[in-house]
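Please go over the structures that come below.
Here come two complexes built around chain A, the first alongside chain B, the second alongside chain C.
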Partner chain A sequence: MMKKKSEKSILPGSPNEVYSRLEDLGIDMVKDIDAGVSPGFETASRGRSNVKFDESVGCLRLGDRKEERTFVNVGQAKKFMQTVAVANKCKKFLKEGSHTSIRGLFYQLKFSLGESVDEELFSDQSESNPLIEDIETAISVKREDLNLYTDRKGVVAGPMTIKDKFGSEETTIDCRKQGRSGYAIPSDVDNGINFVDVEADYVLVVEKDAMWQRLNEDGFWKKENCILVTPKGQASRGTRRLIRKLASKKLPVYVFTDCDAWGWYIYWAIKAGSMNLAYLANDIAIPEARFIGVTMRDIKEYSFLENLTIKAKEVDIKRAQEMLSYPWISKHEAWVEELNQVLKTKRKIEQDALQGPRLSFVSEYLKEKIHAKKFLP
Partner chain B sequence: MMKKKSEKSILPGSPNEVYSRLEDLGIDMVKDIDAGVSPGFETASRGRSNVKFDESVGCLRLGDRKEERTFVNVGQAKKFMQTVAVANKCKKFLKEGSHTSIRGLFYQLKFSLGESVDEELFSDQSESNPLIEDIETAISVKREDLNLYTDRKGVVAGPMTIKDKFGSEETTIDCRKQGRSGYAIPSDVDNGINFVDVEADYVLVVEKDAMWQRLNEDGFWKKENCILVTPKGQASRGTRRLIRKLASKKLPVYVFTDCDAWGWYIYWAIKAGSMNLAYLANDIAIPEARFIGVTMRDIKEYSFLENLTIKAKEVDIKRAQEMLSYPWISKHEAWVEELNQVLKTKRKIEQDALQGPRLSFVSEYLKEKIHAKKFLP
Partner chain C sequence: MGEIDKVFSEFKEHSVAEFFKKNRQMLGFSGKTRSLTTIIHEYVTNSLDAAEEAKVAPEISVEIKEIDKEKYHVRVQDNALGIPEKHIGKVFGVMLAGTKFHRYVQQRGQQGIGATGCTMFSQVTTGKPVHVISAYDKKVVTCDVEVDFKTNGALVSNMAKEEQDGSRRGVTVEADFAEVKYDKSSYGVFEYLKRTAIANPHAKITLLDPFGETHVFPRSVEQIPPKPMPVLPHPLGLAKNDLLEFAHADKENMKVSSFLQNSLARVSAQKVKELESLCAGVDFSKKPADMSWDDADKIVGAFGQVKWIAPATDAIIPIGQEQITKSLQSILNPEFLSVRERPPKIYRGGIPFIIEAAIAYGGQSGKQVAEGTQPEILRYANRAPLIFDSAGCSITESVKNIEWSRYGLKNFDQLPITILVNIVSVHIPYTGAGKQAISDEEEVVGEIRSAVMEVARDLQRHMSGLRSEKDRAARKNAVLRYVGQLSGDLAELSGKDTKAALEKKLILLIEGKYTKQLEESNDSIPEDAASGGSEGDDDEKEE
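And now, the complex of A and B:
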């Protein structure tokens, strides 16, 4: 049985490296069979109880618990076979240099294996996720490295250029010249994507697309020399990796969301990662990120906000309570105060409220808070 | 009371024209007040019973029924005032040359009107929609012309260049040079956007983003000299307007979706418009569009598909029955056959199934069908 090569980074560096890790996985199974033992491999347990907050890095990651996947096990045999078939297909995609979705992968399997493919297992991404994640964790790669598309979402504009080596061509994208649209963040920002001449002073992440468009129209990123990103709600894997890569270039990352359940979730998922993606750990988390707002304490500074708060919903109250129960959040006094203020007043504030006095006010607010370094941790 | 100027196109041509229509709306109300009558205006009834299929054009549009909005009416007074306040804000946005979302608009109103703004009325877009639609239909403009963002979605690549006059700058976007990402279709493709050097032979609309990425990777639009669009599911207003504008340049439009409830809906909404957007009629519908597939009859030609069909869900069955009840669909024998085939077999086919034999097969399929002109109407 192949042991997880934990000394390897989850970032394999090149498609050749991924290819050989897949090959090794197969070779080890053949060796098992030759030796007369059940072929199998080891993967990290991704159950909730094996997700820990790593204080030293500041992100959620998997603990040490491992699980075995093996052929000679009545409960696992079919799933095991399908996992091997998935690994085999991904190896083929890498060789061809072509990509597909998990749905495309399903039909490739169904075409070659016929009736033995469990339709239900692939009926949506959450069902087939465990198979792909088994492979990702077993050989320490991301699914993007296996030439599988993930849902892409989010746009970016600002002073940087991206070189996109795509098929046989290389395209240069100047993120200063994308007009009202911005550059659509791809599914995979590692393989074949290079960030050149990143000349910004910081990265500003804005929850809502309409707010991003507002700031883009105001020329915010030009005036402030920053990179303006919107995840369009919860951040996709591609958007998180993009922010992660910019943070690794020592750019400060500031996040601007609603002061509510969804906004806080978006921030903390960007900063500390999430339960579901704990297996990607600090390759996707950005512990350096800081929270700009909107905050309840903003009301002190910007008194007009008092009249623009709205009633907190049950989900906001529940989320605030939940967050207070996470030690990695409740250790920050500023967050405790903030969440308690929501629990006490049962009010919340949306980022759009900052457009109340005038549409351009939101730019003024952001500049003031960023330059005075008024962040929550 | 101002009568709807029905001779005017819904496309006003310039922000100045929109501005003066808003001004006229206000002037007429002031005249009403001076004359001692209740200020009001006339708008088209947008109820389902006033939506008709216009055979001469081939799209859903509003009938002749009008409705009055007036101040001196207990049931309407508050809504009427808010509509006037919305029109006033939009006039300001036009003067400033800045845009915002409906949410941003809500906070502008809340800031200036305080407690008299009905929070619930603006609590989500569907609640505030009627107010905006009243103004859109009363003065024959689109909300995009009122400097309001709509949800944007969808990407495009292919042989054309877009000039984006955005604020004080003009950006040139070459849709041949957008790499793996494509060009993100803006909310508004009319005001300040010009399509220059459109050198394509046709437009291909592909339901799913992952399939779009697959075809983009295969260089489909280069080999075929076409414009490759994905609405990413149901088409946004911006994406429909973009396709509409390309169709008006005499480019044939082919649509490629799943053979299921959702796929058919996407096609028919692109082609004939939808109930909700019937007030935009042929400014948003593309009656010229043709359906490539996937179709049940494809199984005859591509026999491997037989094994790659999946079980139709209740929603698919219900939708097929519903479609057969629409005269503008059931008049097409090919569609009747197609839908009956689904009802009979209770099977459906996804576009991803065409990746079964090999990932690039979907390109071969599309080329064959387009060149042999095997479309459904």
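And now, the complex of A and C:
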């Protein structure tokens, strides 16, 4: 295998750059063949053992371990052929300027290899998904750069304007004027999307869509001059990228979730990134994010919560134990306390519980926490 | 007196016909299929022995015709020296009249009661005599022979003589037998003759079966095996009944002491004295014919306590690696064959023996049963096939006790494998008078195991070679199948080169790698490539 070019910035910026990186990947393979060696390429190992927590940045990233993908090898031949097929298909998407989902890509590549080979190129999407990641890491691009979008999930509202260059048109979207439903965060906020005026003081991320609607109805973001985001559970790539971009504009990011390991994990995935997406590292992590609540210690300050706890589920307990084993979480004493409290009481508090006294109490709680800077790290 | 006369003058007569008439199963005449096989065995071994003695390459033809239900006409013809007129009666009509009985030689039939046993069987089941044609010198003698059960004498009738130019030679015996059955089981005549042919590659054996089908087991080696040297029986090889029979047949020695000294090997006057001192109450000066069962028991017991010089080893002759190889190749046409001969070893403190073993795989190896193919074991003692009593035989036991999976033969029970084991010795350690199974003498069992394991290892090497060859081809094809698709995509992705050109180059690359066996040892699925996509957080709901 030939030596690959040195890594460039993970964000190529222009589709032409991505296009030529794909082409170069192919050219290097042809050179391998001409040199009489098995065509191959190198990609970072995405195995868990190669996921490290980067202290200096505060996010999960891949270590230095590399893996070679090569064709003339029984164990790899099929995957290699499939990877090249994916790369070639993405090159075509870029050329045409068309986008599809990774499921759409799978269907584009689900065909029989031919009369002599009784086998499909791909017969299950689980085969193609990891190969997309292989290409992403091999040529240092994101799948969104390869014109592959993901399902949209997440809604935003607040004082900012987005210019969306879509096809031949450019649309201006005022996130202040999205009514009760908000602006659905696109899967790709990098290519063709521009944030023209961001006038907010901070970003508030609330775990649940229902809570976002409550706060939107309260006019919370108007009163607070903040950008209100909900990932609707675990944050999608697009939502994380959006928060990341806003954080890069020096906006503080505050996260509000349930008081349970599940909610806290959503916070930690937003903050430090996740194992699965470690290859995207700090392009997707927001180490600056801070946690508002709900916390176990809130019970002391808001005594009504005492009666609004519910029983923690088995998955909450398991996830809490798991989180305690992550050094980047367990280095924070406050979090260890919180997690141990969950394990001890086996109770949890939903963010919705803050509507207990009155519907608008949530807003009061958030304001109080944010202005008093009562955060967890 | 000519050579033939000398051979046949050694017949000794014994009156036991009446006894055997009542106990015919002792001669192997039990069961319908087995009886017919025994008949063929007796005639064919006589022919083989006769041909070997005459230094003639044996050519034996066997014909079996069904004349009625469970009634057959048998005709066996050989090309040996023929039997002189005056000896025909003794060979076919007198019990215990064989040359072999008294001249202990490594030979196929060791009892010399065979041909007469057949005559008796014919008489008992059909009431007819056997018909014998003997061609020798410039004569052809034809006659019928019967056994006189009262006197153990032969009744020869219808004697006719013809002159000939000397070109005809050999014995033809014809007889009818009832209460017998021809079938294709492993106890049957066909299987017996096949096995005989395998062990006697210098012989050509033809069988015309009752269905009118002719089976020819061709001669695969020209060389006639050397004639085993006749030796006297060695004390260590004798069982009580052997000794008793010998003693009772003895008509030359006046005393037991001289009988022992003259009739057995390695017995000196000094040894007789030693034996006498060990056998309190046995009168060594009485006539050998008066030896009692009790005397024989004590003497045989004493044999085991005396130090003996080992028997002469030139009396034992294996089939030979080359001969077994050629015969198995010609009869089984196997894909793989290994033949091993172990060096001579000694059992029971002094009896030399040699184990030969062979393993054949593929071709006509193994036996066909209803469920498919099964391994078959061909057992031989002094190149005579052991057809019956396989369950109680050390050869069968040894083969079955081998852990075949350790030789890479996991489904051994379904493989087309033929295993041949021949034990060669002046005294074969049979389990009983039927002489169809080898007893579990420790040294013999050990040698059988070693020999079979040696050939098993050879087969293992062959099979693993095959596997890796097959494996390599499979690996190559596993990569080749993707060349077409890859070449097309790569041509487009790189914008360089055409699909056809890339395809050609890739095929060359792959062919080169998998034929030159330059494959890297790490040609396997890398850990992370296999698992990279599926591991990770279960709650990443991105799509």
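The rule we apply is simple: the second predicted complex is superposed on the first by the 353 of 377 C-alpha atoms of A that agree within 3 Å, B and C clash if a C-alpha of one lies under 4 Å from a C-alpha of the other, contacts with A are read in each partner's own complex, and residues count from 1 in each chain.
In this section, a contact is a pair of C-beta atoms (placed from the backbone, for glycine too) under 8 Å apart; a residue touches a chain by one contact, two chains touch by 3 or more.
It should be emphasised that the depicted structure is a prediction, and the values quoted were computed from it without experimental measurement.
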After lining up the shared chain so the two structures overlap, which partner does A:219 touch, if you call chain B first and chain C second: first, second, both or neither? first
By the touch definition at the top of the document, which applies to A:186: first (chain B), second (chain C), both, or neither? first
Quick one: is A:39 in contact with chain B, with chain C, with both, or with neither? Answer first, second, both or neither. second
So, A:101: does it touch chain B (first), chain C (second), both, or neither? both
Name the contact category of A:357: first (chain B only), second (chain C only), both, or neither. first
According to the stated criteria, A:276 is in contact with first (chain B), second (chain C), both, or neither; which is it? second
Determine, under the contact definition given at the top, whether A:301 touches first (chain B), second (chain C), both, or neither. neither
Note: overlapping chain A surface for chain B and chain C spans 101, 103, 114, 119, 151
For a test of understanding, state which residues of chain B touch chain A in their complex under the given definition. 93, 96, 98-101, 103-104, 106-108, 110-111, 114-115, 119, 149, 151-152, 155, 164, 166-167, 169, 171-173, 177-187, 192, 208-211, 213-214, 217-219, 304, 307-308, 310-311, 350, 352-357, 359-360
Of chain A, residues touching chain C in the complex: 22-23, 25-27, 29-30, 33-34, 36-39, 45-48, 50, 67-69, 71-81, 84-85, 87-88, 91-92, 101-103, 113-114, 116-117, 119, 121, 126, 129-131, 133-134, 150-151, 153, 233-234, 236-237, 262, 265, 269, 274-277
In their complex, what parts of chain C are in touch with chain A? 475, 478-479, 481-482, 484-486, 489-490, 492-497, 502, 505-506, 509-510, 513, 520, 523-537, 539-543
